[in-house]
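These are the structures in question, set out in turn.
Next come two complexes, and both contain chain A; in the first it sits with chain B, in the second with chain C.
The block that comes next holds the complex of A and B.
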């Protein structure tokens, strides 16, 4: 086997296994835990959503852009599908790709305008953009977008109840299963986008733009083009995520759709899991979704404190995340066995 | 449009600018001297406000007196945070510094939410809170006026201290050239500590004022971080005199929009953030 094919397989096999596991998970949960599987499925779905949020944020971060606008794309996606559903143009599901497309357009617009901003300035500008967008949505006519009270969003799945063969809770299960599969599909799409930027020529290009834009330009990489591409890829998934979520919870309000906490989740998770990797954000999402659920049960206001602590502690003690730490340990082991000290690059 | 109304908006804007300048100057100190963009700066402000509230509710301490407690408490908080966290990321990439302070901000905000809940709190029943003057149809609150005066005096003193006092000159030396400063015998880390703690103290004093003027919630911090940051950017990094002017511009814009535009109260924040956004973008185009 040529090394190229072997590398492809090394990506493909774990992704396929993951996809198969996701496909069978709902039925496994149902046969294990019966009625309780309704809420388990919902928890796992939250975790998948967090993974999409984190991984898509990370794709943008690979070009060195620390965006605080993730909530903007999420909220925009939610509103696009909600408005389309209210206007009743086309089938409901059409709102989801439309939300993705709108988020991409929005990201390209924002990207072009903020192209020259770096570091903290970029971060603040994107945060300000989110706040402006939130206020703008609130000012839209109430008949069109619901104003500050928000509006209802029709559910995507309406499983029919058949009293002969089903129990009551199974309706909720079927509905949750539908959203679970949508989230899973979106995560797989995001993984695909992420792997594409990691395994193609985009990887050195993104890294060059992140480390030194001028040098990247000299080497023939077009920094502006790379940044915009990353922005578009990153916003596509979040926009669709916001849309699916809106259908799932059944309503959108400006405060919720554009909440700062969405941005916080999006950036803490990859930092905790391991920046600039595909596995890191997903791993981080799994752990953090568990922590969040525990905290949410015990604290009403202020459960976000867990995210703050994880962020602070990760930066201080584990700046390369779980993945970076594990790789570091593995590398040191290998080096110790070989009896040499090696300096490996990031992977 | 009623000229009295416009004049009233201008007066309110001018008075509000003092508080903005006070909070922003603290942030400018952290950015200018240490080179840390502190995303948790507004949380110091928020904590100042809630300490004042708690002292009032628990012990009946007058907000003016509570300054004597809140100011040192915030100085201490700043010093402790510097020693336990900030100190370790001075050499780290900018991204890590930013995220660290962002994390500290989230922790502080949610700690406050856990303690005080999400609803606004207000200090009621102090006689001077409702005292005001009317001059030719324009009303001026005593508290706003005094807060403005205190803010301007504090910002002025900081300016003088930076140019005259030993510590202030040490800060400027460290800000200009860290290695050079340490070569001539300045303890850089100590200077940083004092600068960071002082920046927290200034924000805390602003918090005492907001506790009396408004009814704050634990989530006001982030908005004030952003406002302070945009003022610092408008002023140009490290320019204290510019901060007074920038605060005035921002506060006037906010106040005028809130008064002149129908339904402007909810819009004034959006205008504010639009100003930040445009200022940043405009600057980036001009320098490139």
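The block that comes next holds the complex of A and C.
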């Protein structure tokens, strides 16, 4: 077996296990907790959404582009599917790939404009882009996009109630299960895109562009192409996420769809979990979603303060995120074992 | 390939009336020279003569104010760096700048996978291994590029540039800061690269290295052409002696290869 095949299997097996676990999760929840599974499923779906947000943001960050435009793609996706649904062009589900495609186009446009911007200037430009998009959507004709009041979005799933075989709550369960599976599928797609950039030659290219764009160019890497590719991959998932979310909650308003908090979660989660990895953002999403829910239940009003405290402490004590911390511990252990014999000059 | 190693009359790199101005100051001023296929060509001059600026103009990190650069007959002065690399212009930097988050091997891989367009992964891996082998880095290929000695960093700089499969390789003060023994190894490496048919353009302060390596030497001063010829010819040129000795600045006729040049601002 060639090393390439072995590497691919090493990726494929955990992803497959994760996919199988997600597939069986709704039924397991139902048989364990009955009616309460409706809200559990909804919580897990939120966690999956956070993972998509975080992982897609991380893909872009791998090229050194610390974007504050994630809410823009998210909101644009939500509005694309809402408008298509209102115009009744084609089936409802078509809005999701259309949202992804539209987000990619927006991202390429923004990417071209911001190519030469670095660091804080890039961040401010992407933030401004989000604000401009939100204002623009608010200014669109009310009959077309609902104005500042927003508009309703038809649900994707309408399970039929059969009084013979079902209880009332099972309708909600089936609906939540549908969205859960969509979110899970979108996360798997994002994982696929992420692994592609980590296992192909894009990995050294992205890292080179991030650490030293000039030298990357002299090594033959096309920096602009890499940055735009990362933008496109990153926005595809977020655009679709925004669209599915709009169907799930049943409405879109400019303030919600383009909320700054979406951008904040998109960047905080991978930093918490471990930047530039596939596992880090997913792990970060799982842990943060869990912490948030626990705090919400126990602190009711003050939960955001507790949440903020957790984030501050984690940045202070594990600046490289969960994945970075675990790797650091593993490396120190190995060094300790090997270091007994050698004199190891470097700390 | 010894037949190719001997300088041949045709120019592989041609620079015509190159100018680079920063504000009012001309860092490179009406500079013309050419490099012949297969030769080792040195660019020397006092500090601030515009040598590194010239290399930056050649590799596309700076765009010239005026003038032309031809590589193998093609005009390249308007092309971005990566396209010049694809056309066969390789570069090792003076201030070594490896990608710190990658291993030695991954650093070289960037050059191997992207230096030539349309290369497949297997061929890229072969080139990576060849460049590592040639520069004596195979043993530490898995090490992080952050924890290298200066000599290893310099070797990595050359390995990366070699991996892009250049026809012209530009080296910016690769001997600076090396101990005499290390500098000798580096000289051997450069000779060996030339033997394989690569044309070499290098900037150097360490004069014995210039004497040992260069087929021809270009002397720059204040961004301008001062002299050109063999090492013996240019060092006998009164204008060159004047430029080096007539003013009070360092980096002059540096006979001590042990000196650490790393702090040099240029």
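Here are some notes:
Rule of thumb we're sticking to: the second predicted complex is superposed on the first by the 318 of 347 C-alpha atoms of A that agree within 3 Å, B and C clash if a C-alpha of one lies under 4 Å from a C-alpha of the other, contacts with A are read in each partner's own complex, and residues count from 1 in each chain.
One rule holds in what follows: a contact is a pair of C-beta atoms (placed from the backbone, for glycine too) under 8 Å apart; a residue touches a chain by one contact, two chains touch by 3 or more.
All figures in this text were calculated on a predicted structure; none of them were measured in a lab.
Contacts of A:290 after superposition on the shared chain: neither chain B nor chain C is touched.
Judged by the touch definition given at the top, the superposed model places A:316 against chain B, while chain C stays out of reach. Contacts of A:109 after superposition: neither chain B nor chain C is touched. By the touch criterion stated above, A:138 is placed in contact with chain B alone, chain C being left untouched. After overlaying the two complexes on the shared chain, residue contacts for A:223 are found with chain C alone; chain B is out of touch. Touch counts on chain A: comparing chain C and chain B, the chain ahead is B. Look at A:90: by the touch rule set out above, it reaches neither chain B nor chain C. Counting contacts by the rule stated earlier, no residue of chain A appears in both its interface with chain B and its interface with chain C.
The residues of chain A lying in touch with chain C in their complex are 201, 204-205, 207-208, 211-212, 214-223, 346.
Contact residues on chain B toward chain A in their complex (touch as defined above): 37, 85, 88-89, 92, 94-96, 98-100, 102-114, 117-118, 222, 226, 229-230, 233, 263, 266-267, 269-270, 273-274, 276-277, 280-281, 283-285, 288. Those residues of chain A that touch chain B in the complex are listed here as 66, 113-114, 116-117, 119-121, 123-125, 127-129, 131-132, 134-136, 138-139, 148, 260, 264, 267-268, 271, 299, 301-305, 307-312, 315-316, 319.
Residue ranges of chain C in contact with chain A, taken from their complex: 59-61, 80-82, 85-86, 91, 93, 97, 99-102, 106, 109-111, 113-117, 121, 124, 147, 160, 164.
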